[in-house]
Amino acid sequence: MAGDGKLVRVAVAGATGYAGAGCVRLLLGHPNVQLAAVGSRTQAGRTHAAVYPGSNCDHVLVESINAADCDVVISALAPGDAARQAPAWLSQGAVVVDVSADFRLKSADTFANWYGGPHPCPDLLSQAILALPELRPDEIPGASLLALPGCFSTAAILACGPAATHHLIEPEVVVDGKTGVSGAGRSAASAYLFTELNESVKPYAVTGHRHRPEMEQVLSELSGGPFSVTFVPHLVPMTRGIELTCYLRPREGVTLEQLRSLYRDQYEGAPFVRLSEQPVPSKQTSYTNLCWLSLEQQGAHFVVSAVLDNLGRGASSQAIQVLNLRFGLDPRAGLGGDTQWP
Amino acid sequence: MAGDGKLVRVAVAGATGYAGAGCVRLLLGHPNVQLAAVGSRTQAGRTHAAVYPGSNCDHVLVESINAADCDVVISALAPGDAARQAPAWLSQGAVVVDVSADFRLKSADTFANWYGGPHPCPDLLSQAILALPELRPDEIPGASLLALPGCFSTAAILACGPAATHHLIEPEVVVDGKTGVSGAGRSAASAYLFTELNESVKPYAVTGHRHRPEMEQVLSELSGGPFSVTFVPHLVPMTRGIELTCYLRPREGVTLEQLRSLYRDQYEGAPFVRLSEQPVPSKQTSYTNLCWLSLEQQGAHFVVSAVLDNLGRGASSQAIQVLNLRFGLDPRAGLGGDTQWP
Amino acid sequence: MAGDGKLVRVAVAGATGYAGAGCVRLLLGHPNVQLAAVGSRTQAGRTHAAVYPGSNCDHVLVESINAADCDVVISALAPGDAARQAPAWLSQGAVVVDVSADFRLKSADTFANWYGGPHPCPDLLSQAILALPELRPDEIPGASLLALPGCFSTAAILACGPAATHHLIEPEVVVDGKTGVSGAGRSAASAYLFTELNESVKPYAVTGHRHRPEMEQVLSELSGGPFSVTFVPHLVPMTRGIELTCYLRPREGVTLEQLRSLYRDQYEGAPFVRLSEQPVPSKQTSYTNLCWLSLEQQGAHFVVSAVLDNLGRGASSQAIQVLNLRFGLDPRAGLGGDTQWP
Amino acid sequence: MAGDGKLVRVAVAGATGYAGAGCVRLLLGHPNVQLAAVGSRTQAGRTHAAVYPGSNCDHVLVESINAADCDVVISALAPGDAARQAPAWLSQGAVVVDVSADFRLKSADTFANWYGGPHPCPDLLSQAILALPELRPDEIPGASLLALPGCFSTAAILACGPAATHHLIEPEVVVDGKTGVSGAGRSAASAYLFTELNESVKPYAVTGHRHRPEMEQVLSELSGGPFSVTFVPHLVPMTRGIELTCYLRPREGVTLEQLRSLYRDQYEGAPFVRLSEQPVPSKQTSYTNLCWLSLEQQGAHFVVSAVLDNLGRGASSQAIQVLNLRFGLDPRAGLGGDTQWP
């Protein structure tokens, strides 16, 4: 479809949320893509540009996406909504790239435990691929239903995945996450008012966050055995950005230099993952698809810090990265954004 | 001195930094204190009110504090400066309460390792008391040289101390800290410009922060054996506040309910330490002497979150709290500030 | 009531909004006051402390205030609600201090134009006193229905009032206001999410803001003739604080020194209004009842800058200031908060 | 040079400040440009990427720019430094685009008054063109020394210029500005620490800011007679962005609709100036070259609000916009950045 020079026709469902609108912006600037349709249940009938700040997209929002005219639907809907619509999109022949959580977990029971109800289409779970562009790139090209890991999970998997795969660490890690407020989305909620959050930091989901089972599932798969994660996220007074500090226990005799060497090999040639000798401020990734990692040791722990933009690499731009891989496009196409500082 | 109704005469050295100026403000409102002198090497000759935003203190700043007219000197100087001046103050008969790091560590070698040079007066180290108002209150009344633990250490010790003392946990913890920018002080530095920090979070001192040996020293003393801490602090775009999330491993068979029960007992009657059933936003402690703790479990870890104001309970108001204990005053005197929200 | 040493019994209606909760906090620390009752329509039945972050108030919230047991009701309700309840409170013999907008405007028609509907009790408008503690203090002691000017209006009146009264300026001013987000209250609204506001500034109500008729009404009364105000407020990414820059045209021959001299005389002895030779950052007033003014000249204009805390002097603490004046208490009672910096 | 398809060779002096580094980033992505050299007095010898956060520029920084190999030097130096080096660059045949203030004012005396000393090369002032891409585009193509107006001036001229040119307003305006902190640059200064600025707004340069004579010079030229500006800027706790609210007095009989019609005509086809029916938040322009204007009326004033990114349209991207015009390139080349929200 793309190899032959035709434009990939892409629709975006949930196009007026932060993640969906980010996809729209990137797709408009993508040289190999035609934006086919944009959907919004609440804003249907108005143009995207009339609804979303700074948008240049003149498409009229539709209530639901008709996938017959698309090669791919990127879904950025609330939990459950993608699962309710995906079967129709797939049956119309479209590829589905889901930014939400509906197709990440392999187990319908686990989904039900964490998302408060039965999965709308459990039969699709076995078919869905959790896309890991750097760690399992070969799974992506043939897939028709691609789930993106959550923003925290993306960071944790990039930070711990190579060490888990190659058994340099014990199969249990502590992951302490910090996120900007946009992770909570764009819906009105007094808890996310400026006044309630500025000049403050706090942990949440202390007994368990929905991204934890994703992390454990992937790291178990990569390591070939049970892998446990203790994960506590924190809300930080900023709009964008995630920083994860991961505390890993080296296997007997494993050195920091071995760890660094492995990561250099793993991510060599990966355009969007970079290693730093200094901890990297999360702002260095804002509005980009980059993930920066730094690897250090303190006492008995390896300390791996990962930073990325929760709405970029953690959502919108990762969707484009996966789309590029899926359709055989240049991996960097439409994703050229470098760091804008400050 | 205070028991007889006389005012305690207090001088503040380093009165134009954030910690020192915070002490000045509290002392001016303290019913049992007379502010005797305020010192500043760089601003001597001007009034405090002319130099510090919003100050009501009309004292003229002096270059160095003469302790002959004081009952106590609160020192909020740069590392090393308090140690150079403390011997003179002590010989003049004053009590010294040091907000800086000069008298926290028992070992002069450890000090030299972390602070880049030999200790100016190592002989005083054995005499100094590291003040822990809630955990070792009895040490304070008779002491002449009192060191305050650092802001992170205060939070870590309040969060982990009871569990360490009573051996409910393994003697090693992971402590992930987040701090507002004021922890870096008031000196010009491009790294702490608004533009470099807003909309960003990052770890620092990843291979070891100066507060780590304090935490390990105290938790080892409390537990009666070696105790290791892995501690990574993070800079968050806010002015005040610290949040620590501590990952503790329960000893075999110890339950969360046992942990909570211990902490309830430990802090019962303590006016400034409170337990919450929900994680507490750091802003809830801003401009107060409060430390809020929440205790939860996730998988194999107890998760203890502590929040406090790094310039309040982490510096200025803790100095007043210790002064109150030292001189037999009402523990709450001069410290009445409740939460101002938002 | 207070002159005889008895405590003034105060109820707060709307006690879980920012302005009402600020009153509750101040009243709990007020030496001459007994907090009699706290009201909240949405949270009735729970304690204030259970509902509001950091509150130490253990009173159970009631659905509506019974004023029979109070000397005064401070009302911090939504527009219209105070007007609906004030007649009952007054008939029960209580003084009413209204933080909302219901009794500020003298004209029921003007109220209807700006607040979208007829005034619930227009007969009370002639009886209401718009409290100006520094400029018309004599009106307050005998009043039973006291309205506070809005936060912007308070700043504008303190900034322009003396010049208007004494005809040093032409009767028309440009007032450019900047406010923290808390001016919008604590209700959920996507427009006030952290993510929508951080790193951004914008004007609003450009064709006219509700505080404009208040400013014009008071400045006309003070100057004894028509007085026009062009006022544009701007939303700034901070929680608290207002800055107004007022552009005044001197009457022929009037000098800056005359203006400054007038303001020094006007505010001499006023504990909460201060003149500065430098522009003052709004943060210097946070959590205080202070208003700082600076007076300068640029070309053809006097430039008067006023800063205050929109929730302090602009709401809660001004209510206490007025209460003190009304009941003959020490003007500073319960309002001692000095600047906490940073 | 460009019309023939050759790349324009561009050097950037002052490449490690915010404005210069922004130019470097844009030039690296510009299809018609070759980045020829980057200069930094303090960081010479290191690569740009090693010095500036997130930079992808591997050029080694040189102490001073040799213009012999360049078609154009973009200078983003401190005041006075561009004027000291420009004569050499011009004599080497390069075009100079100066982001600093050295060549904006026509009068050497005015420069001396506002910048604290005599102009280093007053003879060049008459030769310099103050670039106004939308209002005086014809002056740019033939110029060899091009000055950019300051960030505030750019906004004020775009906001008031058409009305001044066509005499729809009286020749005096009040301009109230709000700026992010990056306007102060990247040098260490305690006044711009995060801790001193967050949660605060304040005016500065109240008696006159350096951009005021620029505004008056240009608006006088455009209107063909004396034009006075009263301008007060304010520092707002954000990194990027400027909002100006301009208070204009209509000439007798001029209506808002006439004003709007004029601006629609003036900016029709201009790719970077847009008119909005609502006030626009400054964040909508962050990292873009856009300037949004809104035009309203309140009482006796037209109220024109302008927002732009002080480091984008106010510095770096405007330099590229002018470079494009000077060399006959596509006006949008290298400037494609759309709004990224939030």
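Order as written gives the chain letters A, B, C and D; numbering starts at 1 within each chain.
One rule holds in what follows: contacts are C-beta pairs under 8 Å (C-beta built on N, C-alpha and C of every residue); 3 or more make two chains touch, one makes a residue touch a chain.
Note that this is a predicted model, so its numbers are computed, not measured.
**Student:** Going by the touch criterion at the top, tell me which pair is linked by more C-beta contacts: B-D or A-B.
**Tutor:** Pair with the higher count of C-beta contacts: A-B.
**Student:** Taking each chain's centre as the mean of its CA atoms, which one is most distant from subunit B?
**Tutor:** Farthest by centroid: D.
**Student:** Please tell me the distance, in whole Å, between the geometric centres of subunit B and subunit C computed from their C-alpha atoms.
**Tutor:** Subunit B and subunit C have C-alpha centres separated by 37 Å.
**Student:** Measuring centre to centre with CA averages, how many angstrom lie between subunit A and subunit B?
**Tutor:** 40
**Student:** How many Å are there between the centre of subunit B and the centre of subunit D, using C-alpha atoms for each centre?
**Tutor:** 47
**Student:** When you check subunit D against every other chain, which residues touch at least two of them?
**Tutor:** Touching at least two other chains: 18, 180, 182, 186, 195-199, 237-240, 281, 283-284, 342.
**Student:** Inside the complex, what are the residues of subunit C that reach subunit A?
**Tutor:** Per the touch definition, subunit C meets subunit A at residues 18, 180-182, 186-190, 192-199, 237-239.
**Student:** Which residues of subunit D touch subunit A once you look at their complex with the stated criterion?
**Tutor:** On the subunit D side, the touching residues are 18, 21-22, 25, 28-29, 52-56, 182, 186, 198-199, 239-240, 281, 283-284, 287, 311, 336, 338-342.
**Student:** Okay, in this complex, where on subunit B does subunit A touch?
**Tutor:** Listed in rising order, the residues of subunit B that touch subunit A are 172, 174, 176, 178, 180, 195-204, 206-208, 228-232, 234, 236-241, 243, 245, 247, 279-284, 286, 294, 296-301, 303, 305, 307, 342.
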